[in-house]
Amino acid sequence: MAANKHGWALSWLLGHNAGMAWQHTLRQSTSGRGTYELTAEVNEIVRRSGVETGLCHLFVQHTSASLIICENADPTVRRDLERFMARLAPDGDGIYDHTQEGPDDMPAHVRAILTKMDLTVPVANGQCALGTWQGLYLYEHRVQPHHRRIVVTVTA
Amino acid sequence: MAANKHGWALSWLLGHNAGMAWQHTLRQSTSGRGTYELTAEVNEIVRRSGVETGLCHLFVQHTSASLIICENADPTVRRDLERFMARLAPDGDGIYDHTQEGPDDMPAHVRAILTKMDLTVPVANGQCALGTWQGLYLYEHRVQPHHRRIVVTVTA
Amino acid sequence: MAANKHGWALSWLLGHNAGMAWQHTLRQSTSGRGTYELTAEVNEIVRRSGVETGLCHLFVQHTSASLIICENADPTVRRDLERFMARLAPDGDGIYDHTQEGPDDMPAHVRAILTKMDLTVPVANGQCALGTWQGLYLYEHRVQPHHRRIVVTVTA
(Lines give C-alpha, C1' and ligand atoms only; values in the text may rest on other atoms or scores of the structure.)
Protein backbone atom coordinates (compact mmCIF):
# COMPACT_ATOMS: atom_id res chain seq x y z
CA MET A 1 0.00 0.00 0.00
CA ALA A 2 1.19 3.49 -0.68
CA ALA A 3 1.75 5.72 2.31
CA ASN A 4 -0.36 8.77 1.59
CA LYS A 5 -0.25 12.30 2.83
CA HIS A 6 -2.75 11.77 5.63
CA GLY A 7 -0.68 10.02 8.24
CA TRP A 8 -1.82 6.44 7.75
CA ALA A 9 1.54 4.98 8.57
CA LEU A 10 1.42 6.65 11.92
CA SER A 11 -2.25 5.94 12.58
CA TRP A 12 -1.64 2.29 11.80
CA LEU A 13 1.15 2.10 14.32
CA LEU A 14 -1.07 3.81 16.84
CA GLY A 15 -3.76 1.25 16.25
CA HIS A 16 -6.34 3.64 14.85
CA ASN A 17 -6.10 2.29 11.36
CA ALA A 18 -9.46 1.33 9.86
CA GLY A 19 -7.78 -0.98 7.38
CA MET A 20 -5.54 -0.53 4.39
CA ALA A 21 -8.13 -1.78 1.93
CA TRP A 22 -10.55 0.83 0.64
CA GLN A 23 -14.02 -0.41 -0.08
CA HIS A 24 -17.02 1.25 -1.62
CA THR A 25 -20.31 -0.17 -2.92
CA LEU A 26 -21.51 1.09 -6.29
CA ARG A 27 -25.20 0.90 -7.02
CA GLN A 28 -26.36 0.51 -10.60
CA SER A 29 -29.95 0.46 -11.76
CA THR A 30 -30.43 -1.47 -14.97
CA SER A 31 -33.16 -1.16 -17.55
CA GLY A 32 -32.91 -4.88 -18.29
CA ARG A 33 -30.54 -7.16 -20.16
CA GLY A 34 -27.41 -5.50 -21.51
CA THR A 35 -24.11 -3.89 -20.56
CA TYR A 36 -23.56 -0.79 -18.38
CA GLU A 37 -20.18 0.89 -18.29
CA LEU A 38 -18.59 1.44 -14.85
CA THR A 39 -15.08 2.58 -15.82
CA ALA A 40 -15.39 6.21 -14.72
CA GLU A 41 -17.09 5.37 -11.41
CA VAL A 42 -14.44 2.74 -10.59
CA ASN A 43 -11.56 5.09 -11.46
CA GLU A 44 -13.08 7.72 -9.17
CA ILE A 45 -13.05 5.22 -6.28
CA VAL A 46 -9.43 4.36 -7.03
CA ARG A 47 -8.54 8.07 -7.09
CA ARG A 48 -10.19 8.68 -3.73
CA SER A 49 -8.35 5.69 -2.20
CA GLY A 50 -5.00 7.37 -2.82
CA VAL A 51 -3.53 4.02 -3.91
CA GLU A 52 -0.87 4.50 -6.59
CA THR A 53 0.12 0.88 -7.25
CA GLY A 54 -2.04 -2.10 -6.36
CA LEU A 55 -5.22 -3.92 -7.26
CA CYS A 56 -8.82 -2.91 -7.80
CA HIS A 57 -11.34 -5.71 -7.27
CA LEU A 58 -14.97 -5.58 -8.39
CA PHE A 59 -17.64 -7.94 -7.17
CA VAL A 60 -21.32 -8.05 -8.07
CA GLN A 61 -23.43 -9.37 -5.18
CA HIS A 62 -25.94 -11.17 -7.38
CA THR A 63 -26.11 -14.43 -9.32
CA SER A 64 -27.79 -13.19 -12.50
CA ALA A 65 -25.50 -10.28 -13.37
CA SER A 66 -21.76 -10.28 -14.02
CA LEU A 67 -18.71 -8.10 -14.64
CA ILE A 68 -16.77 -8.08 -17.89
CA ILE A 69 -14.03 -6.21 -19.68
CA CYS A 70 -15.05 -5.42 -23.25
CA GLU A 71 -13.90 -3.36 -26.20
CA ASN A 72 -15.17 0.17 -25.50
CA ALA A 73 -14.96 1.81 -28.92
CA ASP A 74 -17.64 0.21 -31.10
CA PRO A 75 -20.98 -0.50 -29.35
CA THR A 76 -21.74 -3.22 -31.90
CA VAL A 77 -19.14 -5.38 -30.11
CA ARG A 78 -21.36 -5.49 -27.03
CA ARG A 79 -24.47 -6.11 -29.10
CA ASP A 80 -22.71 -8.97 -30.90
CA LEU A 81 -21.59 -10.37 -27.55
CA GLU A 82 -25.22 -10.36 -26.42
CA ARG A 83 -26.24 -12.25 -29.57
CA PHE A 84 -23.57 -14.84 -28.88
CA MET A 85 -24.68 -15.27 -25.25
CA ALA A 86 -28.37 -15.46 -26.27
CA ARG A 87 -27.54 -18.29 -28.67
CA LEU A 88 -25.24 -20.07 -26.20
CA ALA A 89 -27.68 -19.96 -23.29
CA PRO A 90 -31.13 -19.27 -24.79
CA ASP A 91 -34.11 -18.19 -22.71
CA GLY A 92 -36.76 -20.85 -22.23
CA ASP A 93 -34.26 -23.67 -22.80
CA GLY A 94 -36.06 -27.01 -22.29
CA ILE A 95 -33.18 -28.61 -20.35
CA TYR A 96 -33.89 -26.60 -17.17
CA ASP A 97 -36.07 -27.52 -14.18
CA HIS A 98 -35.54 -24.20 -12.36
CA THR A 99 -38.15 -22.23 -14.29
CA GLN A 100 -40.42 -20.72 -11.62
CA GLU A 101 -38.65 -17.34 -11.76
CA GLY A 102 -39.13 -16.98 -15.50
CA PRO A 103 -37.61 -18.28 -18.76
CA ASP A 104 -34.64 -15.89 -18.45
CA ASP A 105 -33.67 -16.78 -14.86
CA MET A 106 -31.70 -20.00 -15.28
CA PRO A 107 -30.02 -18.70 -18.47
CA ALA A 108 -29.04 -15.61 -16.44
CA HIS A 109 -27.35 -17.81 -13.80
CA VAL A 110 -25.47 -19.72 -16.51
CA ARG A 111 -24.38 -16.50 -18.26
CA ALA A 112 -23.22 -14.99 -14.95
CA ILE A 113 -21.16 -18.08 -14.11
CA LEU A 114 -19.55 -18.13 -17.57
CA THR A 115 -18.72 -14.42 -17.52
CA LYS A 116 -17.98 -14.27 -13.76
CA MET A 117 -19.10 -12.11 -10.87
CA ASP A 118 -15.59 -11.05 -9.84
CA LEU A 119 -13.00 -9.04 -11.72
CA THR A 120 -9.61 -7.67 -10.69
CA VAL A 121 -7.62 -5.01 -12.54
CA PRO A 122 -4.21 -3.58 -11.70
CA VAL A 123 -3.87 -0.05 -10.34
CA ALA A 124 -0.91 1.94 -11.69
CA ASN A 125 -0.28 5.67 -11.37
CA GLY A 126 -3.40 6.01 -9.26
CA GLN A 127 -5.87 4.59 -11.76
CA CYS A 128 -7.03 1.32 -13.31
CA ALA A 129 -4.28 0.17 -15.69
CA LEU A 130 -6.65 -0.71 -18.52
CA GLY A 131 -5.59 -1.11 -22.12
CA THR A 132 -6.64 1.58 -24.60
CA TRP A 133 -9.75 -0.30 -25.74
CA GLN A 134 -10.76 -1.88 -22.45
CA GLY A 135 -13.85 -0.76 -20.54
CA LEU A 136 -15.37 -2.17 -17.32
CA TYR A 137 -19.00 -3.24 -17.65
CA LEU A 138 -21.77 -4.60 -15.52
CA TYR A 139 -23.58 -7.22 -17.58
CA GLU A 140 -27.25 -7.51 -16.60
CA HIS A 141 -28.62 -10.89 -17.68
CA ARG A 142 -32.24 -10.55 -16.54
CA VAL A 143 -34.79 -9.10 -18.96
CA GLN A 144 -36.48 -6.92 -16.35
CA PRO A 145 -34.82 -3.89 -14.70
CA HIS A 146 -32.91 -4.58 -11.49
CA HIS A 147 -30.89 -2.73 -8.84
CA ARG A 148 -27.38 -4.14 -8.63
CA ARG A 149 -24.67 -3.68 -6.01
CA ILE A 150 -20.99 -3.84 -6.95
CA VAL A 151 -18.45 -3.90 -4.12
CA VAL A 152 -15.21 -2.20 -5.16
CA THR A 153 -12.10 -2.92 -3.05
CA VAL A 154 -8.76 -1.21 -3.63
CA THR A 155 -5.65 -2.74 -2.05
CA ALA A 156 -1.94 -2.08 -2.27
CA MET B 1 -4.37 -4.70 6.20
CA ALA B 2 -6.06 -4.16 9.51
CA ALA B 3 -3.78 -3.79 12.48
CA ASN B 4 -4.94 -6.51 14.84
CA LYS B 5 -4.60 -6.97 18.53
CA HIS B 6 -1.57 -9.23 18.38
CA GLY B 7 1.26 -6.84 17.77
CA TRP B 8 1.83 -7.32 14.06
CA ALA B 9 2.78 -3.74 13.40
CA LEU B 10 5.56 -4.10 15.88
CA SER B 11 6.65 -7.57 14.78
CA TRP B 12 6.80 -6.35 11.21
CA LEU B 13 9.09 -3.50 12.16
CA LEU B 14 11.22 -5.94 14.07
CA GLY B 15 11.52 -8.13 11.00
CA HIS B 16 9.76 -11.13 12.50
CA ASN B 17 6.69 -10.74 10.39
CA ALA B 18 5.61 -13.94 8.69
CA GLY B 19 3.58 -12.00 6.14
CA MET B 20 0.41 -9.99 6.20
CA ALA B 21 -1.42 -12.43 3.97
CA TRP B 22 -3.12 -15.33 5.70
CA GLN B 23 -3.12 -18.57 3.81
CA HIS B 24 -4.74 -21.89 4.46
CA THR B 25 -5.26 -24.93 2.24
CA LEU B 26 -8.70 -26.53 2.31
CA ARG B 27 -8.96 -30.16 1.34
CA GLN B 28 -12.17 -31.43 -0.21
CA SER B 29 -12.91 -35.02 -1.15
CA THR B 30 -15.41 -35.32 -3.94
CA SER B 31 -17.68 -38.21 -4.83
CA GLY B 32 -17.42 -37.32 -8.51
CA ARG B 33 -18.85 -34.69 -10.83
CA GLY B 34 -20.91 -31.99 -9.15
CA THR B 35 -20.75 -28.98 -6.84
CA TYR B 36 -19.56 -28.88 -3.21
CA GLU B 37 -20.28 -25.84 -1.07
CA LEU B 38 -17.30 -24.21 0.67
CA THR B 39 -18.90 -21.01 2.03
CA ALA B 40 -18.79 -21.90 5.73
CA GLU B 41 -15.21 -23.22 5.59
CA VAL B 42 -14.00 -20.12 3.76
CA ASN B 43 -15.76 -17.76 6.18
CA GLU B 44 -14.11 -19.60 9.08
CA ILE B 45 -10.67 -18.96 7.52
CA VAL B 46 -11.53 -15.29 7.07
CA ARG B 47 -12.69 -15.08 10.68
CA ARG B 48 -9.45 -16.61 11.95
CA SER B 49 -7.38 -14.19 9.87
CA GLY B 50 -8.77 -11.24 11.78
CA VAL B 51 -9.06 -9.25 8.53
CA GLU B 52 -12.03 -6.88 8.66
CA THR B 53 -11.80 -5.30 5.19
CA GLY B 54 -9.92 -6.83 2.30
CA LEU B 55 -9.97 -9.68 -0.17
CA CYS B 56 -10.40 -13.44 0.08
CA HIS B 57 -8.88 -15.38 -2.83
CA LEU B 58 -9.62 -19.03 -3.58
CA PHE B 59 -7.52 -21.16 -5.89
CA VAL B 60 -7.98 -24.81 -6.83
CA GLN B 61 -4.64 -26.48 -7.59
CA HIS B 62 -6.02 -28.75 -10.30
CA THR B 63 -6.97 -28.44 -13.97
CA SER B 64 -10.18 -30.49 -13.95
CA ALA B 65 -12.03 -28.81 -11.09
CA SER B 66 -13.03 -25.17 -10.69
CA LEU B 67 -14.52 -22.59 -8.32
CA ILE B 68 -17.85 -20.88 -8.90
CA ILE B 69 -20.34 -18.63 -7.22
CA CYS B 70 -23.86 -19.95 -7.63
CA GLU B 71 -27.36 -19.37 -6.34
CA ASN B 72 -27.51 -21.20 -2.99
CA ALA B 73 -31.26 -21.48 -2.38
CA ASP B 74 -32.64 -23.95 -4.90
CA PRO B 75 -30.42 -27.00 -5.62
CA THR B 76 -32.04 -27.41 -9.03
CA VAL B 77 -30.03 -24.38 -10.16
CA ARG B 78 -26.80 -26.36 -9.76
CA ARG B 79 -28.31 -29.42 -11.41
CA ASP B 80 -29.46 -27.28 -14.35
CA LEU B 81 -25.99 -25.74 -14.56
CA GLU B 82 -24.53 -29.25 -14.80
CA ARG B 83 -26.94 -30.10 -17.63
CA PHE B 84 -25.85 -26.96 -19.47
CA MET B 85 -22.16 -27.78 -19.05
CA ALA B 86 -22.68 -31.41 -20.07
CA ARG B 87 -24.31 -30.25 -23.29
CA LEU B 88 -21.72 -27.53 -23.93
CA ALA B 89 -18.70 -29.79 -23.39
CA PRO B 90 -19.96 -33.38 -23.70
CA ASP B 91 -17.96 -36.40 -22.55
CA GLY B 92 -16.51 -38.49 -25.34
CA ASP B 93 -16.55 -35.56 -27.80
CA GLY B 94 -15.00 -36.70 -31.10
CA ILE B 95 -13.00 -33.48 -31.60
CA TYR B 96 -10.42 -34.35 -28.91
CA ASP B 97 -7.08 -36.18 -29.27
CA HIS B 98 -6.29 -36.14 -25.54
CA THR B 99 -8.40 -39.17 -24.63
CA GLN B 100 -6.01 -41.54 -22.80
CA GLU B 101 -7.22 -40.38 -19.36
CA GLY B 102 -10.85 -41.11 -20.16
CA PRO B 103 -13.79 -39.59 -22.06
CA ASP B 104 -14.44 -37.06 -19.25
CA ASP B 105 -10.86 -35.76 -18.93
CA MET B 106 -10.61 -33.28 -21.79
CA PRO B 107 -14.19 -32.03 -21.19
CA ALA B 108 -13.17 -31.51 -17.55
CA HIS B 109 -10.23 -29.31 -18.62
CA VAL B 110 -12.51 -27.27 -20.89
CA ARG B 111 -15.16 -26.88 -18.17
CA ALA B 112 -12.51 -25.81 -15.63
CA ILE B 113 -11.08 -23.20 -18.01
CA LEU B 114 -14.55 -21.81 -18.77
CA THR B 115 -15.59 -21.65 -15.12
CA LYS B 116 -12.10 -20.74 -13.80
CA MET B 117 -9.80 -22.07 -11.11
CA ASP B 118 -9.46 -18.75 -9.26
CA LEU B 119 -12.06 -16.66 -7.49
CA THR B 120 -11.79 -13.51 -5.37
CA VAL B 121 -14.48 -12.15 -3.07
CA PRO B 122 -14.42 -9.00 -0.94
CA VAL B 123 -14.09 -9.21 2.83
CA ALA B 124 -16.23 -6.75 4.80
CA ASN B 125 -16.98 -6.77 8.52
CA GLY B 126 -14.73 -9.77 8.94
CA GLN B 127 -16.49 -12.09 6.51
CA CYS B 128 -16.98 -12.73 2.80
CA ALA B 129 -19.25 -9.97 1.47
CA LEU B 130 -21.47 -12.29 -0.53
CA GLY B 131 -24.93 -11.39 -1.75
CA THR B 132 -27.90 -13.03 -0.07
CA TRP B 133 -28.18 -15.80 -2.66
CA GLN B 134 -24.50 -16.34 -3.39
CA GLY B 135 -22.64 -19.47 -2.29
CA LEU B 136 -19.02 -20.53 -2.96
CA TYR B 137 -18.69 -23.92 -4.61
CA LEU B 138 -15.99 -26.28 -5.73
CA TYR B 139 -17.07 -27.71 -9.07
CA GLU B 140 -15.69 -31.21 -9.65
CA HIS B 141 -15.68 -32.01 -13.36
CA ARG B 142 -14.29 -35.56 -13.28
CA VAL B 143 -16.74 -38.46 -13.00
CA GLN B 144 -14.64 -40.37 -10.46
CA PRO B 145 -14.05 -39.19 -6.86
CA HIS B 146 -11.00 -37.01 -6.30
CA HIS B 147 -9.16 -35.22 -3.50
CA ARG B 148 -8.94 -31.50 -4.23
CA ARG B 149 -6.83 -28.78 -2.64
CA ILE B 150 -8.08 -25.18 -2.47
CA VAL B 151 -5.60 -22.51 -1.33
CA VAL B 152 -7.40 -19.68 0.49
CA THR B 153 -5.50 -16.39 0.87
CA VAL B 154 -6.86 -13.45 2.86
CA THR B 155 -5.26 -10.04 2.34
CA ALA B 156 -6.03 -6.51 3.47
CA MET C 1 3.33 -8.18 2.85
CA ALA C 2 6.60 -9.71 3.86
CA ALA C 3 9.22 -7.37 5.26
CA ASN C 4 12.23 -7.89 3.04
CA LYS C 5 15.90 -7.28 3.54
CA HIS C 6 15.99 -3.85 1.95
CA GLY C 7 14.58 -1.61 4.61
CA TRP C 8 11.07 -1.08 3.31
CA ALA C 9 9.49 -0.93 6.71
CA LEU C 10 11.70 1.98 7.55
CA SER C 11 11.37 3.72 4.21
CA TRP C 12 7.62 3.43 4.45
CA LEU C 13 7.59 5.12 7.83
CA LEU C 14 9.80 7.81 6.42
CA GLY C 15 7.34 8.38 3.62
CA HIS C 16 9.65 7.26 0.82
CA ASN C 17 7.75 4.09 0.14
CA ALA C 18 6.98 3.56 -3.53
CA GLY C 19 4.17 1.15 -2.67
CA MET C 20 3.96 -2.34 -1.26
CA ALA C 21 2.66 -3.81 -4.48
CA TRP C 22 5.29 -4.87 -6.99
CA GLN C 23 4.34 -4.40 -10.59
CA HIS C 24 6.03 -5.36 -13.81
CA THR C 25 4.77 -5.46 -17.39
CA LEU C 26 5.62 -8.55 -19.42
CA ARG C 27 5.68 -8.20 -23.19
CA GLN C 28 4.87 -11.21 -25.32
CA SER C 29 5.00 -11.35 -29.09
CA THR C 30 2.68 -13.92 -30.56
CA SER C 31 2.85 -15.68 -33.90
CA GLY C 32 -0.95 -15.78 -34.05
CA ARG C 33 -3.72 -17.78 -32.44
CA GLY C 34 -2.63 -20.20 -29.74
CA THR C 35 -1.24 -20.46 -26.20
CA TYR C 36 2.08 -19.11 -24.90
CA GLU C 37 3.41 -20.23 -21.53
CA LEU C 38 4.32 -17.50 -19.03
CA THR C 39 4.92 -19.56 -15.86
CA ALA C 40 8.69 -19.08 -15.65
CA GLU C 41 8.55 -15.34 -16.38
CA VAL C 42 5.84 -14.82 -13.77
CA ASN C 43 7.70 -16.82 -11.13
CA GLU C 44 10.80 -14.72 -11.79
CA ILE C 45 8.79 -11.54 -11.10
CA VAL C 46 7.45 -13.06 -7.88
CA ARG C 47 10.99 -14.03 -6.84
CA ARG C 48 12.28 -10.51 -7.43
CA SER C 49 9.41 -9.01 -5.40
CA GLY C 50 10.60 -10.79 -2.28
CA VAL C 51 7.00 -11.62 -1.37
CA GLU C 52 6.79 -14.96 0.45
CA THR C 53 3.01 -15.21 1.00
CA GLY C 54 0.44 -13.25 -0.98
CA LEU C 55 -1.15 -12.93 -4.38
CA CYS C 56 0.13 -12.66 -7.93
CA HIS C 57 -2.28 -10.99 -10.33
CA LEU C 58 -1.95 -11.10 -14.13
CA PHE C 59 -3.81 -8.80 -16.47
CA VAL C 60 -3.68 -8.65 -20.26
CA GLN C 61 -4.30 -5.11 -21.54
CA HIS C 62 -6.15 -6.21 -24.66
CA THR C 63 -9.64 -7.41 -25.56
CA SER C 64 -8.75 -10.19 -28.00
CA ALA C 65 -6.26 -12.14 -25.88
CA SER C 66 -6.75 -13.76 -22.48
CA LEU C 67 -5.02 -15.55 -19.60
CA ILE C 68 -5.69 -19.16 -18.67
CA ILE C 69 -4.43 -21.92 -16.45
CA CYS C 70 -4.10 -25.17 -18.37
CA GLU C 71 -2.66 -28.64 -18.01
CA ASN C 72 1.05 -28.26 -18.81
CA ALA C 73 2.10 -31.86 -19.49
CA ASP C 74 0.48 -32.91 -22.75
CA PRO C 75 0.41 -30.23 -25.50
CA THR C 76 -2.60 -31.95 -27.09
CA VAL C 77 -4.72 -30.56 -24.24
CA ARG C 78 -4.11 -27.03 -25.50
CA ARG C 79 -4.72 -28.05 -29.09
CA ASP C 80 -7.98 -29.72 -28.08
CA LEU C 81 -8.97 -26.60 -26.13
CA GLU C 82 -8.41 -24.56 -29.29
CA ARG C 83 -10.64 -26.94 -31.27
CA PHE C 84 -13.35 -26.53 -28.66
CA MET C 85 -13.11 -22.73 -28.73
CA ALA C 86 -13.07 -22.65 -32.55
CA ARG C 87 -16.29 -24.64 -32.61
CA LEU C 88 -17.90 -22.61 -29.82
CA ALA C 89 -17.08 -19.21 -31.33
CA PRO C 90 -16.29 -19.84 -35.00
CA ASP C 91 -14.59 -17.26 -37.21
CA GLY C 92 -16.88 -15.61 -39.76
CA ASP C 93 -19.98 -16.32 -37.69
CA GLY C 94 -22.99 -14.76 -39.45
CA ILE C 95 -24.56 -13.41 -36.24
CA TYR C 96 -22.02 -10.57 -35.92
CA ASP C 97 -22.23 -6.99 -37.22
CA HIS C 98 -18.74 -6.00 -36.01
CA THR C 99 -16.83 -7.49 -38.94
CA GLN C 100 -14.69 -4.62 -40.29
CA GLU C 101 -11.58 -5.82 -38.42
CA GLY C 102 -11.78 -9.30 -39.91
CA PRO C 103 -13.70 -12.55 -39.45
CA ASP C 104 -11.61 -13.50 -36.38
CA ASP C 105 -12.03 -10.20 -34.49
CA MET C 106 -15.47 -10.56 -32.90
CA PRO C 107 -14.86 -14.26 -32.11
CA ALA C 108 -11.60 -13.14 -30.44
CA HIS C 109 -13.54 -10.71 -28.20
CA VAL C 110 -16.02 -13.45 -27.27
CA ARG C 111 -13.24 -15.96 -26.54
CA ALA C 112 -11.37 -13.41 -24.41
CA ILE C 113 -14.50 -12.61 -22.37
CA LEU C 114 -15.24 -16.31 -21.82
CA THR C 115 -11.67 -17.16 -20.80
CA LYS C 116 -11.02 -13.81 -19.02
CA MET C 117 -8.32 -11.17 -19.15
CA ASP C 118 -7.48 -11.33 -15.44
CA LEU C 119 -6.07 -14.16 -13.37
CA THR C 120 -4.91 -14.34 -9.75
CA VAL C 121 -2.80 -17.10 -8.22
CA PRO C 122 -1.61 -17.47 -4.64
CA VAL C 123 2.03 -16.90 -3.73
CA ALA C 124 3.47 -19.33 -1.17
CA ASN C 125 7.11 -19.86 -0.26
CA GLY C 126 8.09 -17.08 -2.63
CA GLN C 127 6.57 -18.53 -5.79
CA CYS C 128 3.24 -19.11 -7.51
CA ALA C 129 1.46 -21.91 -5.62
CA LEU C 130 0.39 -23.78 -8.74
CA GLY C 131 -0.68 -27.41 -8.77
CA THR C 132 1.70 -29.94 -10.31
CA TRP C 133 0.00 -29.87 -13.71
CA GLN C 134 -0.94 -26.19 -13.85
CA GLY C 135 0.76 -23.74 -16.20
CA LEU C 136 0.03 -20.05 -16.83
CA TYR C 137 -0.68 -19.21 -20.47
CA LEU C 138 -1.40 -16.19 -22.60
CA TYR C 139 -4.10 -17.19 -25.06
CA GLU C 140 -3.85 -15.23 -28.32
CA HIS C 141 -7.20 -15.28 -30.12
CA ARG C 142 -6.32 -13.30 -33.25
CA VAL C 143 -5.02 -15.16 -36.29
CA GLN C 144 -2.27 -12.62 -37.06
CA PRO C 145 0.79 -12.05 -34.83
CA HIS C 146 0.42 -9.39 -32.12
CA HIS C 147 2.43 -7.76 -29.36
CA ARG C 148 0.71 -8.25 -26.01
CA ARG C 149 1.29 -6.57 -22.65
CA ILE C 150 0.60 -8.44 -19.40
CA VAL C 151 0.73 -6.41 -16.16
CA VAL C 152 1.90 -8.58 -13.25
CA THR C 153 1.19 -7.28 -9.73
CA VAL C 154 2.44 -9.03 -6.59
CA THR C 155 0.87 -8.10 -3.26
CA ALA C 156 1.08 -9.42 0.27
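We just call them A, B and C in the order they show up, numbering each chain from 1.
Definition applied: contacts are C-beta pairs under 8 Å (C-beta built on N, C-alpha and C of every residue); 3 or more make two chains touch, one makes a residue touch a chain.
Just so we're clear, the structure is a prediction, and the values are computed from it rather than from any experiment.
Where the sister copies chain A and chain C meet, the same residue numbers recur on both sides for under half of the interface positions.
These two copies of the sequence, chain B and chain C, are related by a rotation of 120 degrees on CA atoms, to the nearest 5. The centroid of the Cα atoms in chain A and the matching centroid in chain C are 19 Å apart. For chain A, the set of residues that touch two or more other chains comprises 1, 13, 55, 88, 114, 116, 120, 155. Listing the residues of chain C that touch chain B in their complex gives 1-3, 9, 51-55, 68-71, 74, 76-77, 79-81, 83-84, 87-88, 114-116, 119-124, 129-134, 155-156.
The residues of chain C lying in touch with chain A in their complex are 12-13, 15, 17-21, 23, 55, 57, 59-63, 88-89, 93, 95-98, 106, 109-110, 113-114, 116-118, 120, 149, 151, 153, 155.
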